[in-house]
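So, here's a batch of structures to check.
Next come two complexes, and both contain chain A; in the first it sits with chain B, in the second with chain C.
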Partner chain A sequence: MLQIEKVREGDVLILQLIGEVDASNSVLLDQSIQESLQPEIKVVVIDGKELKYISSAGLGVFMSYVDDFSERGIHFSIFGLIQQVGEVFKILGLDRVIAIVPDKTTAIALRK
Partner chain B sequence: MIKTNAIPLGKISLLLAILFWLALLLVDLVRIFGVINNLDSGISEEVTWGLEILFFFFTYFLYRHIFWKSKQVDFVTLLWRGASTGLFAAIAGLLTELIFYALGDSKIGKDPFLQTIFYHLNFAWSSVFLISTALLWKHLILYQKTKKVVKQWQVFELSMLTALFFIFFNHNNFDYSFLFGLVILLVISILLSANLKWIPYLKFKEKWKTLLFLFFILLSATLLFYRILAYGNEERFQINLTDNLFLMALFGFVIVYGLFSFLVTLFNLPTSSVFEQKLTEALNFQKLSQSIQPEENEEQVLDILVDSCIGASFSDGAWIALNPTEQLKIQNPLRSIEPSTLTELTALLPAEFQNWSLTPTNEFQPYSVRLKHPRYKSALLVPLLVNKTLLAQIVLVKEVKEGFNKEMVNIIGTFARQACISVENHRLLNQAISSERYQEELKIAQRVQKALLPLKLDHPNSFDICAYSNTTDEVGGDYYDTYQVDEHKFVFIIGDVSGKGTSAAFHMAQMKGVFQSLIQLGLGPGDFMIKANSALSKCLERNHFITASIFELDTHSQQFRHARAGHIPTLWYSAQTQSAEYIVVDGLGLGIVRNQNYENHVQEIAGNYQPGDFLILLTDGILESRNDVGEQFGYTRLKELVESYPQLPPVELQQAIIDSLHQFVGGDGMIDDDYSLVVVKFKERK
Partner chain C sequence: MSPKLILSCSTSALADLRSFIQLNLEVFGFSELDKHQITLAVEEVVANLIIHSHACNPNEIIHLEIKDLGKKVAVEITDKGDGFNLLEYEEPELRQVIEEKRKGGLGILLVKKIMDEIQFESKNGENMCRLIKKFPPNFK
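So, the complex of A and B:
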């Protein structure tokens, strides 16, 4: 089960992921990001406080946006991951290409 | 060989009936001889009556047998048989009278023997006609029988049987008891005459024939009745065979039921077409409801539907308009309509007729519209919905205004729904067949993929290795492989493709290709990862990546080199410290950074190993398996498990891990991810 809450704060887009991202609903996550990407968005932040689990398919979705975001000058970061999920990012090495930060303020501050 | 045929009941009955008739004749002749010569023949009346009854009985059995054999014969043919028997009997009777009239007062004309013979012949024909016709009526009465009708008939038969023996008590007197019996039998006959269900099923033409044959039967019965009454009034015969209750009641029954049938058939004539119409509709409905046969197709169903609709509504013309987005073609969509008229009529139809993307509701009923066309005045539009999309529309047109009444609309609506169900079933069946084919394809894929995992793992005497892989779907994305570089150098790898199923399986096959080609170049683990990343970057989809863990062992120097690309860290058990640790080394998954930059994200480490040490390479499916409270199997549980079994050979250790995993997940808990396991154990040097 995955629920995605979208919040726009100016040019900041915050997507809160609630539940689990697996092979069956990773498409939903992809669609959700795709839909909310208006040209004026400069910062995309994933709120992972309520993310209980993420499978490789879910990680693949984030990965596929990394290059796209950097080309368009969008700052992308993830915050609030629980330890277990953070570990998954770390083992894959994804923390080297995506900024994983402790909280929202740090995430938004990244643009400066 | 002797054939044990069934007893020829018909022939026996015929023979016995003739024999008893002859006996009856003989007895009467003897009696007349006695009277003429003033001799007492000594033959009592009861003998005659007995023989008469036996004659009736066998005639009855004969005809019962004939009717039993001709169950499948239609009503009109049966009526024709009855009518012909009647006409024969009646004409024979008339001829007899004519002969005697011609003979006049001549000696032969007054000869009592000759008169008796002709009387007996007339009696026989009349009886045969009456009994056969009564059985024909039985056949008609019991058409579509119910328990009640069968009971009624049984009562009638029983009463007739009683009437047969009535003569022994009544001694052929026309008294009140005779009259009483006759009245009762007539009442039952009238009651039985209400059973005329066979008539509506006759076609219009058949009804006319039926009327004719019934008329013949009634005419013959009446003529015979008058003849027999005339005989009864003559005093020249010693024993009257015909004035008995049985025959009189039979006359009554034959005439009453014949008359009822005649009248009902006559009055059914005008409404006959309505019944025929309903019957055709029912047959059409049946045709439509039969699921489409393999050799038939949706177009044929639509063809049947259009014809059924035209038949049900007496339309003057019709056509099918197909939804242009549906892959359907109809050879002849027009019925009694010229293409030029079609264009005219289409322009007159409401705008929504052309709107194929209409969101249909469940109440998609046929609806009628008025037309302002010189020839056609009204139209009925029949939308056909399959899977909630508009498949086609049938347009029925009539030359009269408001030509479609409620009944027609209802029946056409039912036809349309049934046809749609047929088409839908046909599509579902096809889908089922093709999904079956996909299943077969998947099985092939599964076989091919299994072959990608090595059956034999390269290894020397100095270490043991075993591997296990489990996929939840038919195919999966886990990978392991080995390669012997030279006498002392061995490489083994474990990998995991992101995602699941078929796409993961294809990427896994690519990974195998990359490993088998690059490893032959003698690349070390670190360089291998860099080249593999570069190769896979060009062929992996943007949102896919592969994690891998690779080891290169030198059995001579007991050294190893290792690199990890985003994969689950390998568990290393050291015999010396008697503890297990996960090997920590940096490394980014393959295909995440798709440029030269990747070099900065991979690390290679080296070290020594001791005999008794062992390595557990695994994929995340094991660690991420969860029990019923959502807890993961996790790193610690695996580490502790391995530490408790340091002495087990690799295969048994591997089994212990799998068992423990299943136990953790729970009895019927499914492990919903692919998982793989490679166990390597270093042996004592010999």
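So, the complex of A and C:
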């Protein structure tokens, strides 16, 4: 089960992922990120505090937007990952491509 | 008796697969982190089979069995049809994944990084992928 909550704070969009991302629901994550690609959004932050599990289906979604974010000048980051999920990013070296930070304040401050 | 599971080839069955693996790894003394990673590796292989070998046809099935090999655990994943030998799969570079915006390709890389051994056999139209992980150092 995956639930995605969106919170807009000015030009910052926070996507809170609640549950598990796998091949059965990664399309929902894809849609949410696709919808975030708007000119008025400058920061996209994934709140991963309630993300219990992510498989390569979900990781692949993040990776497929790395260049889009960069081309549009959108600062993209992920915060609050539990240890097990954070380790999955590290195993693949995705933490060298995507900013993974401890909290929301740090995530939003990345734009400065 | 080795724990066994029969899964329908639908991605909605992946949550059941995770519960089965997590529950049956308890007895081997793995840490929460190890259990999480082994579960992920098994799911990656199974999801790959469901999507690419069985086209998400819920009428087709995959068998799983967890075996205690003494100092290591083996998860055997068996299916019928076109075999997918992940040992022969050349995983992409990260840069390639980003540039080609491909949403797949990372799964097999995860399996190879997480598991200690991967074996593949194909015989009489039946394929078996065996994922092996050593027990933690102080267990047994």
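Please note the rule applied: the second predicted complex is superposed on the first by the 112 of 112 C-alpha atoms of A that agree within 3 Å, B and C clash if a C-alpha of one lies under 4 Å from a C-alpha of the other, contacts with A are read in each partner's own complex, and residues count from 1 in each chain.
In the analysis below, contacts are C-beta pairs under 8 Å (C-beta built on N, C-alpha and C of every residue); 3 or more make two chains touch, one makes a residue touch a chain.
The shown structure was predicted, so the numbers you read here are calculated from the model rather than taken from an experiment.
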| item | value |
| --- | --- |
| Which of chain B and chain C A:G93 touches, first, second, both or neither | both |
| First (chain B), second (chain C), both or neither touched by A:I4 | neither |
| Touched partner set for A:V101, first chain B, second chain C, both or neither | neither |
| Contacts of A:A23 with chain B and chain C, given as first, second, both or neither | both |
| Contacts of A:G60 with chain B and chain C, given as first, second, both or neither | both |
| First (chain B), second (chain C), both or neither touched by A:Q84 | both |
| Shared contact residues on chain A - chain B and chain C | 23, 26, 30, 53, 55-57, 59-61, 63-64, 66-67, 84, 88, 91-94, 97 |
| Chain C-touching residues of chain A, taken from the complex the two chains share | 1, 20, 22-24, 26, 30, 53, 55-57, 59-61, 63-64, 66-67, 83-84, 87-88, 91-94, 97 |
| Of all residues in chain B, those that touch chain A in their complex | 496-501, 542-545, 547, 565-569, 586-589, 592-594, 601, 620, 624, 632, 673 |
| In the complex, chain C residues that touch chain A | 11-12, 14-15, 18, 32-33, 36-37, 40, 43-44, 47, 50-51, 94, 97-99, 101-107, 109-110, 113-114 |
| In the complex, chain A residues that touch chain B | 23, 26, 30, 53, 55-57, 59-61, 63-64, 66-67, 84, 88, 91-94, 96-97 |
